[in-house]
Amino acid sequence: MTTLTFTHITKSYPKRDTPVLDDFLLDVQSGELVSLLGPSGIGKSTLLKLIAGIERPDAGDIRFDGESVLSTAPNQREAVFMFQKAYLFPFLNVGENIAFGLKVKGFSTKERLIKVAEMLDLIGLPGIEKRPPNELSGGEQQRVALARSLVIRPKVLLLDEPFNSLDRPVRLSLQEAVRNIQRELGITTLLVTHDLDEAMAMSDRMALMMGGKVAAIDKPQRLFQKPPCVETAKFVGVKLFIEGVASSGTLVSAEWGKLKIEDEQKVGRSIFAIRPEHIRIQKEKCENALAGVVKNCVYRGTQIEMKIALGERVLRAHIPAKNEIMPAEEPVQVILPKEHLFAVN
Amino acid sequence: MKRFLIWLALLAPLLTLGLFALSKGWFYPEPFPAQWTSQAFSRLLNDSRTLKAILDSLLLAFIVSLLSLIIGYPAAREIGLRDFPGKKYVWLAIFLPTVIPPLAIGMGLSILALQTGLAGTRLGIILAHIVPTLPYTVFTLAGVFARYDENYEYQALALGASPTRIFFTVTLRLLAPGLAVAGLFAFLISWSQYLLTLLVGGGRVLTLPVLLFSAVSGGNPTTISALSLLFLAPPVLIIAATARFLGENPNDIHERI
Amino acid sequence: MKRFLIWLALLAPLLTLGLFALSKGWFYPEPFPAQWTSQAFSRLLNDSRTLKAILDSLLLAFIVSLLSLIIGYPAAREIGLRDFPGKKYVWLAIFLPTVIPPLAIGMGLSILALQTGLAGTRLGIILAHIVPTLPYTVFTLAGVFARYDENYEYQALALGASPTRIFFTVTLRLLAPGLAVAGLFAFLISWSQYLLTLLVGGGRVLTLPVLLFSAVSGGNPTTISALSLLFLAPPVLIIAATARFLGENPNDIHERI
Amino acid sequence: MTTLTFTHITKSYPKRDTPVLDDFLLDVQSGELVSLLGPSGIGKSTLLKLIAGIERPDAGDIRFDGESVLSTAPNQREAVFMFQKAYLFPFLNVGENIAFGLKVKGFSTKERLIKVAEMLDLIGLPGIEKRPPNELSGGEQQRVALARSLVIRPKVLLLDEPFNSLDRPVRLSLQEAVRNIQRELGITTLLVTHDLDEAMAMSDRMALMMGGKVAAIDKPQRLFQKPPCVETAKFVGVKLFIEGVASSGTLVSAEWGKLKIEDEQKVGRSIFAIRPEHIRIQKEKCENALAGVVKNCVYRGTQIEMKIALGERVLRAHIPAKNEIMPAEEPVQVILPKEHLFAVN
């Protein structure tokens, strides 16, 4: 059980103008799974390389259990990787692959055999010790790679988009397996991903990276339902932002008129937002209703995506699929329920 | 049919040689030799000069290819895996000697050898052979490294292995096919060098190709053909051996080389 | 530093040649020649035999590379794009002549040429040169086709273009870099052939390499060096020209070849 | 405006034991967009190649507007392609690429310029005639490829997973654009995809292919909510199938006990199914309630995926995200509302 601390990490590359990581701060609790989200090139993978010791930070410190590891050689750090590709050694069979780290550490053949069998049970692939890696499916290879990394009981597990190249059903089942094993062994884990669904399903906390820093970090539900800033809100799929002046339960916006809000504390110039699935579309007027016409309906199984024109502006709403698809140009009322309007500044 | 013609065109010279080597006399327009014999081969294989030349050639080619691999490895790794300014020109410079005529290089090297006193020595010949083999080795290996994924090494590193251990237990084994192909090429280039051996060795070191070359002016077609076939044996065997490195997809041969 | 050494090793033979060609006399242990002159070059370029040899060599190499491309294209397309049983062995068979010693092929061809009456003729020499250039061309082009995507042609077909139109407006333009590289290689191989030219031509057709080869026995180092440099000029220019085909990623050179 | 008819198409490949297409029948209406769904290797792309004339069927006929096209040369069929990759000719600029088909057909330079400009407006990229294709983003390249195909006013548009290699936001916006343009021009279209969401969002009708035939074809909503057979149901994400004997509004199943059903017509041995998002999880008992314990909750933004153990069996339900995540081993009632139970045989 290890805590992981980053203090004021800065890292630049010669070819880039701005630093990839700029005064980056993060604390990961022991046994916690924190996911790092953000667009590509934002420094997520760089961070993992710094932890593993493949690269060095320009400034700042990385601590395992409060002790700096910057002077520790990469092969002494006990921080293991799982990449998009399994990187199983093709010249070793599955058992020898898993035993690789144990052999390095000097475990006896007997101990190795026992531990390999234990790990194969844990990943749900018992008895495949003798098979060559190239006979396994992509998902199985990733499971074996996980076993190879975890059999040495590392301090930190670094997951660098490990599910990316897998088909959806395999991806979902592997996410579940990795999450369960990580919880069972209590290994402190960082997951780098650009897939919001994946991060929500797996993380204890999600960190959104922007400009070399953590822009927001919280539990998945909290970050998804009430993102703290506009960037985060956009990242989790919020599309409607309303700028206006708030006072005593009302938001007055030049563009959208007067809207009731629940947030009584918020006073003055503010930006409020609402998730597309919280917008209601109906025929009848009621509180916070705006008149519009349907532009476009796209059926997506469990929900219908609608584009509604309100004058010049276009707004997107996701409504449950039990509703009928409405014809274009149908006049409707767009309801922004006050309990779902939240401040993002 | 199209494929049969390709095969025929490829094998015609070899077949002609074989027929000649085993014939007692064969003249146009006879489609096949009138009489057969294996005299030419038995005469050659009982001649100690031929045997010594074969051993010398094999040893020389082996040392040259080993040295090419050892010297070429770090350069190829740098070129294949790293980006640096001017890389494009380093590629071209390496590529240059693999296609420019050996005769021209030979002139330069022969003069250089005379200047440094290495002319006529085995060391001089080895160094001269490395001039064409090294660029080929670096070129081939750099291509192997360009497709090599260092993440295998990072995985081993994260699992606790030291850099030396990683080199011997991971890197060498992953690169084995590429190293073998590069080494075999170096071997073949060295094996077939008669020009550099003649120019730098000054006729004092007799390898099989040098022997064959001198036979061309004097000997009869049967002897020359038999000598040629002996000379061809290692390349043909080596090429057949590389078939082992081919996967199911035959286009892999391009990837592997 | 490492890179500087690579450069030095690659260019040493060329530099030596250059110094010799421009010197009046240069002997060990002087680091540089004592006297300079460009006599050797002017003498060579005023000799009509040299000029004719250069033109003959260029023309020969051009015809040979063009024929190699035309003959090699359908075979390469078949091998690169289609799967068929035994494809692996066709690959190997094509690969064989690119690495087996030319001396051995030369013997077979020379005998074949004498038998068929093509010895000493230009046609005979052209056909002899095609033996080593064609496999190389097919090998290179088949690699190009293995990475070629026929969907470009299907798009053109769906848009109404006829097969002939597609060949000239789509296929040729997409394959231009690959065809150019294959053609240049064939050119270089033909350009540097003195052995096949000598053996099949019987000394009756004088190309630049044949001239250089005969000069080696008699001439002085300065003349030989100057002749070598003339001989090297087209390969060096051609290699420099292929730089055009290299993209931003220098490793592309491996992909393109 | 062209109708597209397949009659008893059969197609085999030497390397496969069973025919890829086996007595395949399909009618596509004029201007309709039909998607072909199914696992890879099921013959979806083969079908497109047969239409375009790149391959020939072993038996059967393909008709445009009732007339067989099997004897028409591929470059005379006027059936255009859009692949996963744009295949823009790299040696031509955007304008020349789009004009390729027009040039072949002999349009004058002036006509070509006008039509190219029109198409660039239509795909939302006006004025980029002079740019080389490799300067465009993946999504822009696909738009140009679409313009190049449609500028010749083809009879049939064949889409072979054209959005596969694009990132999600680009993919969604391109789906919308292609759908709008297809509707506007009224071009009969076949879309091959393995992405259910994509098919639902874009199609007039979705066809599910199995064993070389169309296993089911219907409007997206109908196929998603009430799939006609077990295979189709599995494909659209149904996970719970209940086998039993139905009579007068009741299904008696050995495994699940007695359940109320709405389908009064169904009598005798039947299989009923329910979508995971229609299963309700609550504390209170009511009609069609089964007692279980929570095994696992995975948060997925708009919904929570739950695994519930009912004795030996495990069942998956998707409940709206407004619910709290329940701890493991919590006892709950699983409700299978009778209005959502439908017969699949």
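Order as written gives the chain letters A, B, C and D; numbering starts at 1 within each chain.
Note that a contact is a pair of C-beta atoms (placed from the backbone, for glycine too) under 8 Å apart; a residue touches a chain by one contact, two chains touch by 3 or more.
All of these numbers come straight from a predicted model, not from anything done at the bench.
Trainee: Averaging over Cα atoms per chain, report the distance between chain A and chain C in Å.
Mentor: About 56 Å, centre to centre.
Trainee: Just the number, please: Cα centre separation of chain A and chain D in whole Å.
Mentor: Here the centre of chain D sits 28 Å away from the centre of chain A.
Trainee: Find the geometric centre of each of chain C and chain D from their Cα atoms only, then give the gap between the two centres in Å, rounded to an integer.
Mentor: For chain C versus chain D, the centre distance works out to 54 Å.
Trainee: By the touch rule stated above, which residues of chain C touch at least two different other chains?
Mentor: Not one residue of chain C touches more than one other chain, so the list is empty.
Trainee: What graph shape do the protein chains here make by touch: line, ring, star, complete or other?
Mentor: Graph shape, chains as nodes and touching pairs as edges: a ring.
Trainee: Every touching chain pair, please?
Mentor: Applying the touch criterion to every chain pair yields A-B, A-D, B-C, C-D.
Trainee: What residues of chain D sit close enough to touch chain A in their complex?
Mentor: 176, 196-197, 200-201, 220-221, 224-225, 236-237, 277, 296, 298-303, 305, 318, 321, 325
Trainee: For chain C, which residues are in contact with chain B within the complex?
Mentor: 2-3, 6-7, 9-14, 16-17, 20, 27-28, 74-75, 78, 80, 84, 86-88, 90-97, 99-105, 107-109, 111-112, 114-117, 131, 134-135, 138, 142-143, 146, 185, 188, 191-192, 194, 199, 209, 212-213, 216, 221, 224-225, 228-229, 231-232, 235-236, 239-240, 242-243, 246, 250-251, 253-254
Trainee: Where on chain B does chain A make contact in their complex?
Mentor: The contact residues of chain B facing chain A are 149, 151-152, 154-163, 165, 170, 173-174.
Trainee: Any idea which chain A residues touch chain B in the complex?
Mentor: Touching chain B: residues 52-54, 74-81, 83, 85, 87, 89-91, 100-101, 104-105, 145, 148-149, 152, 154 of chain A.
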